[in-house]
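Should a chain be cited, it is by its letter among A, B and C, assigned in written order, with residues numbered from 1 in that chain.
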Amino acid sequence: MFEWLGGVLDAWLNIFLQPSPWGTVYLGLLFQGLAITFFVALVTWAIAFVLGSLIGIARTLPYKPLRFVTTAYVEIFRSVPLLVQLFLWFFVVPELLPQAWGTWIKNLESGSMLTAIIGLGCFTSVRIAEQVRAAILSISLGMKNASTALGMTRAQTYRYILLPMGYRIMLPPLTSEFLNNLKNTSTIFTIGVMDLMGRTSEMMEFTFKAYEPLFFATFCYLIINLLVVCAARFLEGMAAIPGFNAAR
Amino acid sequence: MFENFDFAVISANLGRFFLEGMGFTLRLTFFAGLAGFLLGTSLTLVRMASVPFVSRAIAVYINFIRSMPLVLLIFWFNFLLPGIWQEIIGSPYPITFNPLVLAFWTFTLFEAAYFAEIMRAGILSIPQGQAAAGRALGLTGLQVSLFVVLPQAFKNVLPVLLTQLIALFQDTTLVYIIGLKDFFRVIHIAAVRDGRQVELFIFAAVVYCIISYCSSLAVKKLQKPQQELWA
Amino acid sequence: MDTRMRPSALGFVAVFAALSAFAVPATAQDLTGTLKKVKDTGSISLGHRESSLPFSYYDDNQKVVGYAYELCDKLADAVQAELKMDKLERKLVAVTSANRIPLLTSGGIDLECGSTTNNLERQKEVSFTLTHYVTATRFVSKKANNYKSLDDLKGKTIVSTAGTSNIKLVTGLNTERNLGMTIIPAKDHADAFLMVETDRAAAFAMDDILIASLVAVSKTPDAYVISEEALSVEPYGSMLRKDDPAFKKVIDDAMLAMFKDGTIEKLYDKWFMNPIPPKNVTLNVPISAQFKKVIANPTDSGDPKDYAD
């Protein structure tokens, strides 16, 4: 039994430790891909968080034109599949820009990565905007009326009442959006970014082995998920206000 | 910026885009959605019945699928399903899957995990008293689940289920990576061959946008109107 | 799904009944591997390409055509004759450079009709029938940029098709010669070529015949130039599963027959010397010295040395 297991492990190590055409061993390439996945996931998350919060808040404000524009943004980016959005950013947008700009973008060394970050950032921002809006609207009107009664301005009401409560309510759904965003990074290899998925399919193509690279990627995504879920639990505990159940 | 647009490339291929491409997409969405819902609901019922070992295994399956990117699962199922099926039926040679069937199973097994969680939330939202009342009327456990709890849970989560179906409709574009000809892939082939990506990709986006937006408007009709913050 | 013939269930039953009534020499019991699969299921799955001009690609109506595809069709005829089947359904499965080998080994396809290089590395995973074309890795770029050799592309972005022997070769050369190129894998040849057309990549490294065909059907064929420098020799063969000698023998014999009776030259003439869809362009690529050698002495060798002039 152990001998058999040892043999299997040995065979696997040999596959991952064989040199690739890039000079490094395949395992090294996979880790490079993992680093790219992390990088893109974090940067897109930061963009999406800021953009999504602004849009989500804007959609709760009583300004008609602002609401119209932000609602249109949300509906459009929510209704087009991510893959199609990525292709639009990558293949279409540079052609529609003035030629000099288009050429500049196309000649950027990490053009694919930049496109992927913008595309995925916008895609996720819509989801966050919806969470922010839902969270703010779920806070009872009594709270908002109480703050108005205390003489708070609208800005103060957001700053001191609605947003602190809203983000606490949002923590669990935000965690799952973070994980969704991370999982969605796996589509950016279709526009040439060598993330974990890109390196995995590259290894499948170069070595003609399917299961071993897929197994490695599966293992990585699983571990990242566990880590994020644990971190989120910790954060929820830290952020909880005694007396208020953040999750309601 | 639209002066170089060639709309003929869209109109010339319209029949193929919709009959072949959209036909595939809609069939896949409908059948995988339906099967995923049925499988997901069954998984949830068994899971919530606390069958030793089985319930735990189902929970592990659901959490595993939900933590994996769809792209990775599409790769897995694409390579794994034919082999597994060969083992199951004991065939002496590898089995060839119809691409639609392969995609159907992939999305069914994937969506089942999501539908299962939605249905679980729906079932948990039904007050305990409902089940107790059912038992008091002399219904069996299965009868209580099927005729008392499930219909109410289904009604409560219907908007969420339909939203998930719209997500599935959009996710079907990912069959791109294994080369199946769904709506987007058919457009992609034409776009790349004629070098008309700008027109055709925008066209694809508009079509997806219209279908998804109209569907989600319809779903919204089912939901209660939201309160206004600044009346 | 692409199916050329879809026999009705009744037809199936009729074929089955007829076959079991007359115990033909090649009975199902004797068959193994792919032949048994074909016999049992009444169908053969042919893997085809989407933009490997003129070997295997979609015409205007997204129907599969091409030199290699037509060869495969004839090979399927040979299998049908060998198995004495009245009807053989040909299931067409689109494959890419990246998934063709896993699809073949996992049973997604039985025979691949494309533009697959036969090399020793791949022979560890799959088997090849006789070589039906010999090409070489070159790269295409815009004439205006004046890139002559791979060294001119130092630090530039270069595109190739994912899963090809060419991208592996270029990646290796990039490391070996320390060129610092960014190498982008594209889904298929047409996608890769479009990257050069839209100035996203400086060059596209691929088998020269595929490049030449893409240039010929492009919007501005005069704008491109194919490098003189050849980076490798690439003999093409149709792939079949490894360790299936009975099936390989049927396919090899059928190929050999086509070499002997001049079918190969006729098909070659049709696809390389005459107007072809989708734009009725004539490639005008006469039979090379290397391929002449193969026609004289058909081979399934995966060693580039065997194809030297």
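Simple rule for what comes next: contacts are C-beta pairs under 8 Å (C-beta built on N, C-alpha and C of every residue); 3 or more make two chains touch, one makes a residue touch a chain.
For clarity, every value in this text was computed on a predicted model and none was experimentally measured.
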item	value
Between A-C and B-C, the pair joined by more C-beta contacts	B-C
Chain at the geometric heart of the assembly (C-alpha centres)	B
Chain located farthest away, centre of chain A as origin (C-alpha)	C
CA centroid of chain A to CA centroid of chain B, Å	21
Chain B and chain C: spacing of chain centres that average the CA atoms, whole Å	35
Mean-CA-position distance for chain C and chain A (Å)	39
Sites on chain C at which at least two other chains make contact	102, 106
Chain A, residues touching no fewer than two other chains	91, 95, 190, 201, 204, 210
Multi-chain contact residues (two or more partners), chain B	79, 197
Parts of chain A lying in touch with chain C, wherever the complex brings them together	20-23, 91, 94-95, 103, 106-107, 109, 111-112, 190, 192, 198, 201-202, 204-206, 208, 210
Complex contacts: residues of chain A adjacent to chain B	60-62, 75-76, 78-85, 87-88, 91-92, 95-96, 136-137, 141, 144, 154, 179, 183-187, 189-190, 197, 200-201, 204, 210-211, 214, 217-218, 221-222, 225
Residues of chain C touching chain A in the complex	97-98, 101-102, 106, 122, 124-125, 157, 162-163, 167-169, 171-172, 174-175, 182, 184-187, 198-200
Interfacial residue positions of chain B with respect to chain C in the complex	16, 20, 78-79, 82-83, 86, 92-100, 178-181, 186, 189-190, 192-193, 195, 197
Residue ranges of chain B in contact with chain A within the complex	1, 64, 67-72, 75-76, 79-80, 170-171, 173-174, 176-177, 184, 188, 197-198, 201-202, 204-205, 208-213, 216, 226-227, 229-230
